[in-house]
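Please read through the structure below; I'll follow up with questions.
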Amino acid sequence: MENDRMKQGLDKLMEYTLSTNDDISTHLKISDDLEEIAPDVGKYIIEFAYGDIYSREGLTNQQRALITLSSLITQGTEPQLELHINTALTSGLTPKELVEAIMQLIPYTGFPRVLNALTLAKKVFNQRELEVKEAASN
Amino acid sequence: MENDRMKQGLDKLMEYTLSTNDDISTHLKISDDLEEIAPDVGKYIIEFAYGDIYSREGLTNQQRALITLSSLITQGTEPQLELHINTALTSGLTPKELVEAIMQLIPYTGFPRVLNALTLAKKVFNQRELEVKEAASN
Amino acid sequence: MENDRMKQGLDKLMEYTLSTNDDISTHLKISDDLEEIAPDVGKYIIEFAYGDIYSREGLTNQQRALITLSSLITQGTEPQLELHINTALTSGLTPKELVEAIMQLIPYTGFPRVLNALTLAKKVFNQRELEVKEAASN
Amino acid sequence: MENDRMKQGLDKLMEYTLSTNDDISTHLKISDDLEEIAPDVGKYIIEFAYGDIYSREGLTNQQRALITLSSLITQGTEPQLELHINTALTSGLTPKELVEAIMQLIPYTGFPRVLNALTLAKKVFNQRELEVKEAASN
Amino acid sequence: MENDRMKQGLDKLMEYTLSTNDDISTHLKISDDLEEIAPDVGKYIIEFAYGDIYSREGLTNQQRALITLSSLITQGTEPQLELHINTALTSGLTPKELVEAIMQLIPYTGFPRVLNALTLAKKVFNQRELEVKEAASN
Amino acid sequence: MENDRMKQGLDKLMEYTLSTNDDISTHLKISDDLEEIAPDVGKYIIEFAYGDIYSREGLTNQQRALITLSSLITQGTEPQLELHINTALTSGLTPKELVEAIMQLIPYTGFPRVLNALTLAKKVFNQRELEVKEAASN
């Protein structure tokens, strides 16, 4: 049954990861780092976070990506925020939706966390060669 | 033009507030409290938070409610969290979607914040006489 | 194999819980609350938190209790902090050790979080009829 | 020389405490709570916080009160925030200045922390029978 | 009336910004970053933060700078903290007052946040070629 | 008596610091930074943090190191976290115990803070040429 959780987690993780893009290599790099000193953490991320939680019914991948982003922006935890701007885009959210999601947090976290998130978003948009201008067209 | 922001903010706030329910009285109670010592804060909430930010295009009310909830759970800021569990329900999110949204945060905030949010969610579901059992059926 | 994680988690949870004391009822009360709206969260706490993490080798129960307490004090997440003051005592830490652990955080969190934790510790010591005076004898 | 730190701390603490008001009893109540399980924490608050830090030159009592309030609002650490709304008033800040100070944090913490602080401020103003209405007249 | 808020915000922002110093370019750089993906955020900072909030009566620019600094140090939000060490100096606070303000937070945030703030303060003092030694002379 | 606190603090600090390792130079570097603009902060760290708090009876150096690490991971305050991964190792905790301590926080802070701490731990293990592989062998 454990094998099922691992398989389910990997399948779900794939849905958030571009095979042609460097965010998969970011995921793998994190795995490499962990492999040496704490291999079980990577296992827990796949089995528990992606296999148990992300794989639940009731919310779309895009909804889960928005919830995750909002929490990471509120905490200010980089570089995980950068990683999940990537997974949010891969889940199908548009750059414009991401920018709006970040701006929605101004009344709840204040400007500093929002400015830091926008800086990271711009960096990711550039890496993925997204039309960033389009993101701003409200 | 200021009047426009106030009007737009009030209109938007209405979309998140049940007229037949006590969450509108909760909103009004907050206004009462503020009226005495800081009346402009209520004005800023309506004009800036609801008039400027919530009224922007690009995300649905339900998406904005999810983002807001996620930030408040992450911060642990009660009683605002209770208020926005109400606005999330009024925006059309189901009890089940709310519970799933809260659970999505386990890998990002740990269990304690999630448990506190679930306790509040249960309280609000009871107040609104929602079929809570149904919320759990995954 | 899932059944193993559940069993391992329950066994480990027992080691942190007094059968003759009301902290087990606190645990059960939390379970009751969750049962209605989010039954799987209780399952994740037992299988993942206690079954996977707490059951790992390499640290004693008392070390894990200290680490947990320190994080909860730093976050200020009540009522989970109260619960884990109980589990820390059941793991074998003395009241005096707990008070010292809380005081060790003054240079890292400042006084407010520490004062709140001491207030909760005193409440738990009283509930368990521990010789609180003894706790203070440095 | 230690005695000097204790004396200096007590003298400084007096400047922030009304003898005719219940905020001194709040201070004493905290001391009572601590006395039993962690008497040295009260000593550290007086010797280190008030004796070493608050007693330094270079800032007025009112400036130190503003800095302290801002940090406690940002952290959301009650009941210490309530205590320091009292010490801020005793240091000579007016209710209006306090309300403005709290509102200055909207762009940096968002509305939730600010609303919680205003609720506490109103409670303290009422306890001290301050003309709260006057506080709002911008 | 919107134009008034923009004008008032810009006027107020000028009071916190040295025209001969690179902190204005820092402000502009942030604007450049935002211009591409979220131009309205810059507008909100000027209209809401500086036009509505900073422009209120009842506190001096220096008091508002102290409150802002204290919140940013408590949150640990760089690089905004660096920016506001600059605006605090431009508002007329001396390097010595800034250092004292940072030290006042030791009892409320612990040493780590304070040490990080002091490192940034030293960097800014060097950039502005301020007599840092003088700042330390208590 | 003050001299006693300084001496006691320095003695205690030595117990957490390798003379043959670069973490002592890290400690000294911090002192250098502070010396110029806030010399008393270094004094407070030694006299208050190490002289008063760390020197108390009732917990071992290793217990205090675990408590400190847990708080810094929860706060995400780098570079102090890196420094205290070093002091934890010097106090006698093994790399494996450190990794386990970090992993114990997954249920209480979520994965992002834990991943950042593991990245720093790996960096420190490499600097101290510790057998990192061994750390992972659960």
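By letter and in written order, the chains are A, B, C, D, E and F; residue numbering begins at 1 in each of them.
FYI, a residue touches a chain if its C-beta (ideal position, glycine included) is under 8 Å from a C-beta of that chain, and two chains touch if they have at least 3 such contacts.
It should be emphasised that the depicted structure is a prediction, and the values quoted were computed from it without experimental measurement.
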item	value
Partner chains that chain B and chain C have in common	A, D, E, F
Shared interface numbering between chain E and chain A [over half = same, under half = different]	different
Far-end chain from chain E, centres as C-alpha averages	C
Centre distance in Å when chain D and chain E are each reduced to the mean of their C-alpha atoms	24
Distance from the mean Cα position of chain F to that of chain E, given in whole angstrom	31
Residue numbers of chain B (touch at least two other chains)	40, 44-45, 48-49, 56, 72, 75-76, 99, 103, 105-109, 111-112, 138
Residues on chain D engaged by chain E in the complex (per definition of touch)	45, 48-49, 53-54, 56-59, 63-64, 66-75, 96-97, 99-101, 103-109, 138
Chain C to chain A touching residues, read off their complex	1-2, 40, 44, 48, 52, 56
Interface residues, chain D side, partner chain A - complex	105-112
Residue numbers on chain A that touch chain E, as the complex places them	76, 95, 99, 102-103, 106, 111-116, 118-119, 121-122, 125, 132-133, 135-136, 138
Interfacial residue positions of chain D with respect to chain C in the complex	30, 33-34, 36-41, 44-45, 49, 72, 75-77, 80
